[in-house]
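Below you will find the structure I want to go over with you.
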Amino acid sequence: MSTQPRKSVDVVANPNPDRDYEIDIECPEFTCVCPKTGQPDFAVIRVTYVPDELLVELKSLKLYLWSYRDRGIYHEAAVNKILDDLVDRIAPRWMEISGEFAVRGGLATTVTVEYKHPAFDAE
Amino acid sequence: MSTQPRKSVDVVANPNPDRDYEIDIECPEFTCVCPKTGQPDFAVIRVTYVPDELLVELKSLKLYLWSYRDRGIYHEAAVNKILDDLVDRIAPRWMEISGEFAVRGGLATTVTVEYKHPAFDAE
Amino acid sequence: MSTQPRKSVDVVANPNPDRDYEIDIECPEFTCVCPKTGQPDFAVIRVTYVPDELLVELKSLKLYLWSYRDRGIYHEAAVNKILDDLVDRIAPRWMEISGEFAVRGGLATTVTVEYKHPAFDAE
Amino acid sequence: MSTQPRKSVDVVANPNPDRDYEIDIECPEFTCVCPKTGQPDFAVIRVTYVPDELLVELKSLKLYLWSYRDRGIYHEAAVNKILDDLVDRIAPRWMEISGEFAVRGGLATTVTVEYKHPAFDAE
Amino acid sequence: MSTQPRKSVDVVANPNPDRDYEIDIECPEFTCVCPKTGQPDFAVIRVTYVPDELLVELKSLKLYLWSYRDRGIYHEAAVNKILDDLVDRIAPRWMEISGEFAVRGGLATTVTVEYKHPAFDAE
Amino acid sequence: MSTQPRKSVDVVANPNPDRDYEIDIECPEFTCVCPKTGQPDFAVIRVTYVPDELLVELKSLKLYLWSYRDRGIYHEAAVNKILDDLVDRIAPRWMEISGEFAVRGGLATTVTVEYKHPAFDAE
Amino acid sequence: MSTQPRKSVDVVANPNPDRDYEIDIECPEFTCVCPKTGQPDFAVIRVTYVPDELLVELKSLKLYLWSYRDRGIYHEAAVNKILDDLVDRIAPRWMEISGEFAVRGGLATTVTVEYKHPAFDAE
Amino acid sequence: MSTQPRKSVDVVANPNPDRDYEIDIECPEFTCVCPKTGQPDFAVIRVTYVPDELLVELKSLKLYLWSYRDRGIYHEAAVNKILDDLVDRIAPRWMEISGEFAVRGGLATTVTVEYKHPAFDAE
Amino acid sequence: MSTQPRKSVDVVANPNPDRDYEIDIECPEFTCVCPKTGQPDFAVIRVTYVPDELLVELKSLKLYLWSYRDRGIYHEAAVNKILDDLVDRIAPRWMEISGEFAVRGGLATTVTVEYKHPAFDAE
Amino acid sequence: MSTQPRKSVDVVANPNPDRDYEIDIECPEFTCVCPKTGQPDFAVIRVTYVPDELLVELKSLKLYLWSYRDRGIYHEAAVNKILDDLVDRIAPRWMEISGEFAVRGGLATTVTVEYKHPAFDAE
């Protein structure tokens, strides 16, 4: 696997698809670019999910998040897009993405987006 | 956009109106004036909401909160007014404002106000 | 308003009685007297409530809590009495009082008492 | 009241039996003896309850917990026995005992036991 | 009992099987081996359960967790296997295992797996 | 020893006067009265000292600090007076008193006073 | 004393000028205006000093710091000016002012300025 | 080595006596008995030292501290005696013992005692 | 001033060059590229200095640190270069740069570099 | 570079040997084996040094620390040996190694060892 930024994640088979369980991944090293000012933005991204048949492969997730480094994108759009990309790739039973962005203009913003498969009965 | 205190916020289109998701904005730099004594009050204001078609534009929110700097207003009234102004402007599906005011007379006060659109089914 | 300890609180009109919202007041400077030993007790008192037509006026709350300074009263009785006095005075929709008392004999005690108006549907 | 370890607690009348409220007592100074090795064990014991007609008298609770100092007893048995003894003595509406035991063999164990009177409708 | 790594835990009789109660064991000293790179992984393992007739014997749990020290196993598989092994051995009413793994590639992963006996009505 | 507030502390003989060592006592339950407004003030008092022939007896220290409860005294004067009283009574080699007073008018004040016997060579 | 912002502080006589001791005052409610952008800045100001014949009167210090609310001034200049004004007024043996300013452009700045009277031998 | 409380510690040879280095051992599980009231006291004991030819053997230190469990001894005497016993046994270059005792009568006491061999030049 | 990454900082005149005082600037949003792997590195950079005639202008410092975003440079070299560049530009009396880099391979590295003008007598 | 445990570290040239500066590396993932019981020990190892001509290469340091995983060694010996090995390899101007070992028998031990080149004048 090359170590380049990449547009999608790799997957691995879930060793226990018969059981609902939760995986929580914290990435404190996310950066993208503000589309209005061109200046860098920084965030902590957290990926939490209940897998179905597939897991997110960790190293490729790191490379996927790296791909935002030079991309101009708003906070809300970035968090929604990460959710869409990961749901498309691994079809989880449930997934939540949050992005906790660093202070700008005295304001700190956190965006939290959730996906739930219709057949999944979250507690 | 001029950098003056202002009475309302700007809006931007929600890039993902098809999905309920949450935005949380913390502003630790809020100050207003006590209408009884004329002395400054300080608070941390937190805006949390589920957008419908519109988002609050961040820089204008900062300028809007700035407009309280010279205004004489009680804790409870300030927090309720911020909620009313933002709900009027962006018509969210759900919104909560809290104001955590600094100690006065040995007492620390937090006021928390919530709005829910009738069609929104909050968890 | 004189700055003497006093047996009841003043009230102010709720500026937004049409809406359920929460006010939380923390007082880390409460002291009373143990009725058995005559020695001082210390506590953090927290008042949380959903107002109806009236709010607790903050300065008078401070003077009211001051009135316990020379009173001999047990932990449980003090917290219950604060609730009774405030409910009688402002008739809130919901109110909770907690008193977190300092360590005595190696034991730290917290007492939490709640009032709910029959017509109030707390979440 | 003598200051000796003792096998039961004293009681005092609940000043507000008409109301459900919660009392939480933390004792960070509990020690007993491991029945297998004879070596001391240490724990933080927490007693939380909703009283009916009777309260636990605090000084006697301290003396009661002291009575475990030379007793050989397993973690799970100690926490269950404290619950049984206190429920027998004060017949609360609800009670929970937890014991957070210090690290042994790299493992830290917490045991939490709960009693609920059939007529009590805990939230 | 020998002090060697071992593949299963010992059990002791639950002294209070008539009552649902919770036991929580934290082990901050877990290490296994990455099956892809052969390098060590480190985690905090937490075992929480409601026992039925049997308890996990603590010293044997330590030896059981030790048995992963030289085993190549993925995060998700390790946490699922610990749950399966313990459920097979003590048949609890409810059990949850979480593994909080140290940062790799800037990402920190926590895996949480739960078992519930069909007859157990968890809150 | 009666349990009344008292104007001086009792002493006990230092069991190890041949050696310089430090005793640090924290009292988070200090309260006095503001001489200007008559309202209560609260502070954490810390007594740190290197004893010579005498130690401060702990229970009498508690009763001594209690004697400030109804006394009108400024922050700086209170902390200086506690130092003077204790130095007069036990003649330590070195002593420091600090008083960390609760917020008034948005300002939190800490006063720290030190005594050193001429023959004591503090590090 | 009127409750208006004011350009200088009041003084009170030091009750113990024969002794070097330290007074530390924290003010988390400081705000001024950026002279370049006209936007508000926020800081925590800390005043620490060893008094000579005079103390800073606390209520007037609060009013003095209030006077910066509408003043355009850079971080470094504000902290230096507070030091100059207080040294001029109370002629302390030693004084330090620090200002911890809130994040701007991702950068948090703290400025610390010190005055020492030539005859004062600070440790 | 039997697992009984014992009056002295075992020693092991220092593997690096040619070098000054520091060993710090924290024991949060110390308990003794108040000689005046007969009631238990609890403390965190910390042993810090620079060894000469001998080290304190850890398991025997645990058994040694255990020997205080039923001993009536004052705070200051206990900490001084631990220092004397350990210095007598291992003749360190430098040693410090501190005992941080739990709150009694609202007061928390820490006692810190130090030994320095005449030939040791501590920094 | 354009908002582009830039190779040097702007300066402003020190308003109080007659006095030694300290400025501390924390930047938690630093990122560069590992020259060996090409992957991103993240750090918290802290700039602390005693100015002479010139101050670092804050907005240009932000743009200067931004210029490392696409630069391949080792931890030690980056921190040393920031020191060299800032010393060259503002000729401070004293300056320290630290870079606290995020975990790589289970190791967290902090590099701290200091400059002192020969005529400056740091405490 | 192979990813096997190894007995020594690689070096890289110090880019700034003309300047004294400090590098601090924290490794929370250290494990070795107790030579007496054969059971695993866990520690946080911290390496702090002022380089001369050579730096420790980070990836090889990780592999070097890995080599202790199956080695039976006492706490004090392990920390002294890491210091000796690194000093032999990179000849630093100053170096300190500390190992903070996990609780055994209720005792937590930290060992701290320091090396100073005769020509280095540490502050």
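Residue numbering begins at 1 within each chain, and the chains themselves are lettered A, B, C, D, E, F, G, H, I and J in the order written.
By our rule, a residue touches a chain if its C-beta (ideal position, glycine included) is under 8 Å from a C-beta of that chain, and two chains touch if they have at least 3 such contacts.
All values derive from a computational prediction rather than experimental measurement.
The chains that touch both subunit E and subunit F are none; no such chain exists. Each step here moves to a touching chain, and the least such steps from subunit B to subunit F number 1.
Of all residue numbers seen at the subunit F-subunit H contact, under half occur in both copies; the interface is built from largely non-matching residues. In the CA-based superposition of subunit B onto subunit E, the rotation angle is 145 degrees, rounded to steps of 5. Inter-chain spacing, taken between the CA centroids of subunit B and subunit H, is 56 Å. Separating the centre of subunit B from that of subunit J, both taken as means of CA atoms, is a distance of 51 Å. Taking each chain's centre as the mean of its C-alpha atoms, subunit E lies 36 Å from subunit H. In subunit F, the residues touching two or more other chains are 28-29, 42, 102, 104, 106. Pairs of chains in mutual contact: A-B, A-E, A-G, A-I, B-C, B-F, B-G, C-D, C-F, C-H, D-E, D-H, D-J, E-I, E-J, F-G, F-H, G-I, H-J, I-J. Listed in rising order, the residues of subunit I touching subunit A in the complex are 3-4, 28-29, 31, 37-40, 42, 66, 69, 102. Contact residues of subunit H toward subunit C in the complex are 42, 102-103, 106.
Residues of subunit E that touch subunit D in their complex: 12, 14-16, 19-29, 55, 58-59, 61-62.
Within the complex, the subunit B residues that touch subunit C are 74, 76-77, 79-80, 104-114.
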